[in-house]
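Per-chain residue numbering starts at 1, and chain names A, B, C and D are given in the order in which the chains are listed.
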Amino acid sequence: MAEFLSLHDAVARYVEDGATLSMEGFTHLIPFAAGHEIIRQGRRELTLIRMTPDLIFDQMIGAGCARRLIFSWGGNPGVGSLHRLRDAVEKGYPQPLEIFEHSHAAMACAFEAGAAGLPLAVLRGYVGSDLPKVNSQIKFIECPFTGERLAAVPAVRPDVGIVHAQKADRAGNVLVEGIIGVQKEVVLAARHSIVTVEEVVDELQAGPNACVIPGWAIDAIAVAEQGAYPSYAHGYYPRDNAFYKAWDEIARDREAFAAWLEEHVYHAGGAA
Amino acid sequence: MAEFLSLHDAVARYVEDGATLSMEGFTHLIPFAAGHEIIRQGRRELTLIRMTPDLIFDQMIGAGCARRLIFSWGGNPGVGSLHRLRDAVEKGYPQPLEIFEHSHAAMACAFEAGAAGLPLAVLRGYVGSDLPKVNSQIKFIECPFTGERLAAVPAVRPDVGIVHAQKADRAGNVLVEGIIGVQKEVVLAARHSIVTVEEVVDELQAGPNACVIPGWAIDAIAVAEQGAYPSYAHGYYPRDNAFYKAWDEIARDREAFAAWLEEHVYHAGGAA
Amino acid sequence: MSLDYTAAEMMTVTAARALANGTTCFVGIGLPSEAANLARLTHAPEVVLIYESGTLQTKPNVLPLSIGDGELCETALTTVSVPEMFRYWLQGGHVDVGFLGTAQIDRYCNLNTTLIGDYREPKVRLPGGGGAPEIATNAGEVFITVKHSRRTFVEAVDFVTTVGFGRDGRARDGVPNIGRGPTRVITDLCVMKPDPETKELVVVSLHPGVTAEQVQEASGWEIRFAERLETTPEPGAEELNVLRELKARTARHHAGNETGAQA
Amino acid sequence: MSLDYTAAEMMTVTAARALANGTTCFVGIGLPSEAANLARLTHAPEVVLIYESGTLQTKPNVLPLSIGDGELCETALTTVSVPEMFRYWLQGGHVDVGFLGTAQIDRYCNLNTTLIGDYREPKVRLPGGGGAPEIATNAGEVFITVKHSRRTFVEAVDFVTTVGFGRDGRARDGVPNIGRGPTRVITDLCVMKPDPETKELVVVSLHPGVTAEQVQEASGWEIRFAERLETTPEPGAEELNVLRELKARTARHHAGNETGAQA
């Protein structure tokens, strides 16, 4: 049953050094506030899992939280590179980053399989691609009915899953609306889940088949207004595209990044 | 792209003797009108696929349309047996019926896999059950990552999929609301799909993540008011539980069934 | 001071009491549904009821006739597709208790809802497995509620639709990632639990006024009784009231629906 | 009478024209997105655009900066989860055309968006595969649009992120249940198509004013030219107007969004 905690307490309770951690949100609803809280709490040696690392993992990698990254597209959308990620992969700064690289289809299926409690996902994927040569997590199986060769990847079943959503009701049921990505899958696949929300309301006012995650499938809910900024929350605030563009310059330079981190994360209390 | 056809023409165009045909709707939105049209058109030797055969397949089996049935729960919900189904299985009347019997979980996964274009579905299923002994479609595979033994069943990919839904817009996009069962999966898994709807509207007025099936994923749409009767259409009419109870007596007797068929199907024009 | 109640009511109330508040329960239609909703309307207001039609956390005001009644959707927190229900919610490990009925049960709690006789030449064809085979293995534990009779409690089920502990009691041994299996069987005569070692069903509690002989008489194998055999607590007045109102409301509702236009 | 237009506009208009009305197109971000939306706003009003963020049949008024902009969801027929998008819509066989960009491409249309150099010691780390590896095999066919340069058109891609026809042109041979693969490459200089037999890219059409030498100069391997080499039709006034308005609208929109509060 979901417990309402401060973001600080939720992260302190569930995110441990060395944990496998997925923080999702496909462009939309990226849990930046939670990422910053993890940086502030100085977590280390995390295995980070996200389809699109985006700025949130660029920041966490740059801050030294990560030892391993599982992902499928590591750019700054519409802008270019993630320089902190590249610096870690190419130069080992601030520490080496081991990467396990997938395609989106495989990761989406791996989240689906994780939510479904399976050890593997099966897909028609990676045909002719070099990715299986460099990622030992990609295998192939033979369909027992047709003989077709299909790709198999391990399900994503992280220790902790964190997503952001628009709102929770007072019983801790959460509504996710718009681009829902793999938000539900992350919560269901994780051993422990934290959902940050823009607000808590009396009634979700959701349609009969809306993407509602019941409170009893969530461990902690933390209110984090603007918690997805600089990504966006459908119905609340738009994506700050300028910040995404500006990030390119900040992240390109180790010192500029350190200064940004100091000012906007370490000295930013619990806010995003 | 969905074409608006009369129910007669849609069935005549897509449902052929010997076809593999799935007609879905989990208690809700069962496409009875389409089933009756298939009976009227005298289709034979069909392989019928439904999780819960319900009255619709009891009627089609009793009318001699079916040679094979793939299913996972063959009762009259809340009432008892499907007597036409039993008569076919136990006595070969009006003709023998070959059955392939699954659990709900396996069939749900098989529909999911069919929609996903895969040849097989993998699930943690059938542990300790005798069903794999009597259904050659159930096999087991070993997870290449964990060694776990998991069940595998062939995906459902029927020649024709038929479902009922609340409404379509004028471009043929369909909204399904309430208990959505495997409605979307059937349409996507089938080579050809027919959707019957209560009405055609200007605007679906669906939420951002509602179960909307785009017109370009559907072959034919036919308006069939009360097309799910005696099951129900959320927002339109309730289930006629009395009919489900009364069916027990009609279907128990070959002659009573024949008389019912004569009056309510053969002599009922295009109506349900 | 004892209240008037029927054996069926005794069974339902006892089954309802088994369900703890806050539990997530995957509910079978019929007796399990009646008991689970009684629990929700009495001691367990926060029990979460899930039906295989995709209705999550539903609070029906009347008992559904089918597993997919509109009432279940209208009173649910949300309704998901049937593949999602079985994959994410059941197989995904979010169900504490699976609550099942059955047509036959044996001493190792194996359930048969497929047929009587031989599979290829059935004497009686029953509806089949439905959700039960995977509910029994993917839920944390399983409660079974069924009326006691020799036709139901059989020496050997004709078909293992849904595994309890297998023909030898060992079917779950070493199988990874599955639940504990049946932990109690509630009938109109008694409560049974599997022996922790052998998994054979043992009567742990007799309903008031029921004798061990009656249970044996209604069972097709030599029944084991616990050394300290308890008497099942009687239904309370509140429970009986709520149950009777629920059933009356249900009967009125389904009668009100009865147009039977084509019948 | 020739209109004024840039090479980039020539490329976008040519790419847009490749997309037939009514086609279902899985759209990559950047150049493909620009071309696909231009098609929708000109000759192909009923083209169905799908983005991997789950937005089905979307009609953005401005070009998205990211694959998951709010604009894509707000103007979509419906938005599904990302697993559903890749499983049901792409792998399920409902996409006619996958429209991709790339960082490197070779003569057999293999695409590299992973890195320059060696995988374990990259000279430059690129974003990676994203949706492309399965778009390339699960869509009915694939269009590629990319600016011509020796850095991009290389003798051998450093990494096959996304298969065209493999290093030897034979990678699709005998693989069941996959699409036809790349059927055309549209650059700012020309249009190329794979040879039906060898699958090697062949220039079939040069853009107005472009010479074969220019194409060869901008390519890292010895380019084949079709025997009957055509001249790509010029953009029309309407197409150029619509494209320029779309880009201006897009620039105003994204500038309007620019609060950059933290930057």
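Rule of thumb we're sticking to: contacts are C-beta pairs under 8 Å (C-beta built on N, C-alpha and C of every residue); 3 or more make two chains touch, one makes a residue touch a chain.
Heads up on the chains, UniProt names are A, B = CoA transferase subunit A; C, D = CoA-transferase subunit beta.
What you see is a predicted model; the values in this text were computed from it and never measured.
**Student:** Considering A-D alongside A-C, which chain pair is linked by more C-beta pairs in contact?
**Tutor:** A-D
**Student:** So, what's the distance in Å between the C-alpha centres of subunit B and subunit A?
**Tutor:** About 39 Å separates the centre of subunit A from that of subunit B.
**Student:** Between subunit C and subunit D, what is the separation of their C-alpha centroids in Å?
**Tutor:** Result: the chain centres lie 56 Å from each other.
**Student:** Distance from the CA centroid of subunit A to that of subunit D, rounded to the nearest Å?
**Tutor:** 27
**Student:** Where does subunit B touch two or more other chains at once, residue-wise?
**Tutor:** Counting only residues that touch two or more other chains, subunit B contributes 112, 117-118, 123-124, 148, 178, 180, 184-185, 206, 208-211, 234.
**Student:** Identify all positions of subunit D at which a residue touches two or more other chains, and write them in rising order.
**Tutor:** 73, 79-80, 87, 91, 138, 177
**Student:** Output every touching chain pair, sorted by label.
**Tutor:** Between chains, contact exists in these pairs: A-B, A-C, A-D, B-C, B-D.
**Student:** Using the touch definition from the top, list the residues of subunit B that touch subunit A in their complex.
**Tutor:** Going through subunit B, the ones touching subunit A are 117-120, 122-124, 139, 141, 143-146, 148, 150, 152, 154, 177-178, 180, 206-211, 234.
**Student:** Help me check something: in the complex, which residues belonging to subunit B touch subunit D?
**Tutor:** Contacts found on subunit B: 1, 112, 115-118, 173, 184-185, 188-189, 206, 208-212, 214, 216-217.
**Student:** Going by the contact rule at the top, pick out the subunit B residues touching subunit C in the complex.
**Tutor:** It comes out as residues 26-28, 51-52, 71-75, 77-79, 81-82, 85-86, 89-90, 101-106, 108-109, 111-112, 123-131, 134, 148, 178-182, 184-185, 211, 229-230, 232, 234, 238-247, 250, 264.
**Student:** In the complex of these two chains, what residues of subunit D are touching subunit B?
**Tutor:** Interface residues on the subunit D side: 22, 24, 48, 56-57, 73-74, 76-80, 87-88, 91-94, 138, 177.
**Student:** Help me check something: in the complex, which residues belonging to subunit C touch subunit B?
**Tutor:** 29-30, 52-55, 64-70, 72-73, 79-83, 85-87, 90-91, 110, 114, 119, 122, 124-134, 137-138, 159-163, 166, 171-172, 175-178, 254, 257-263
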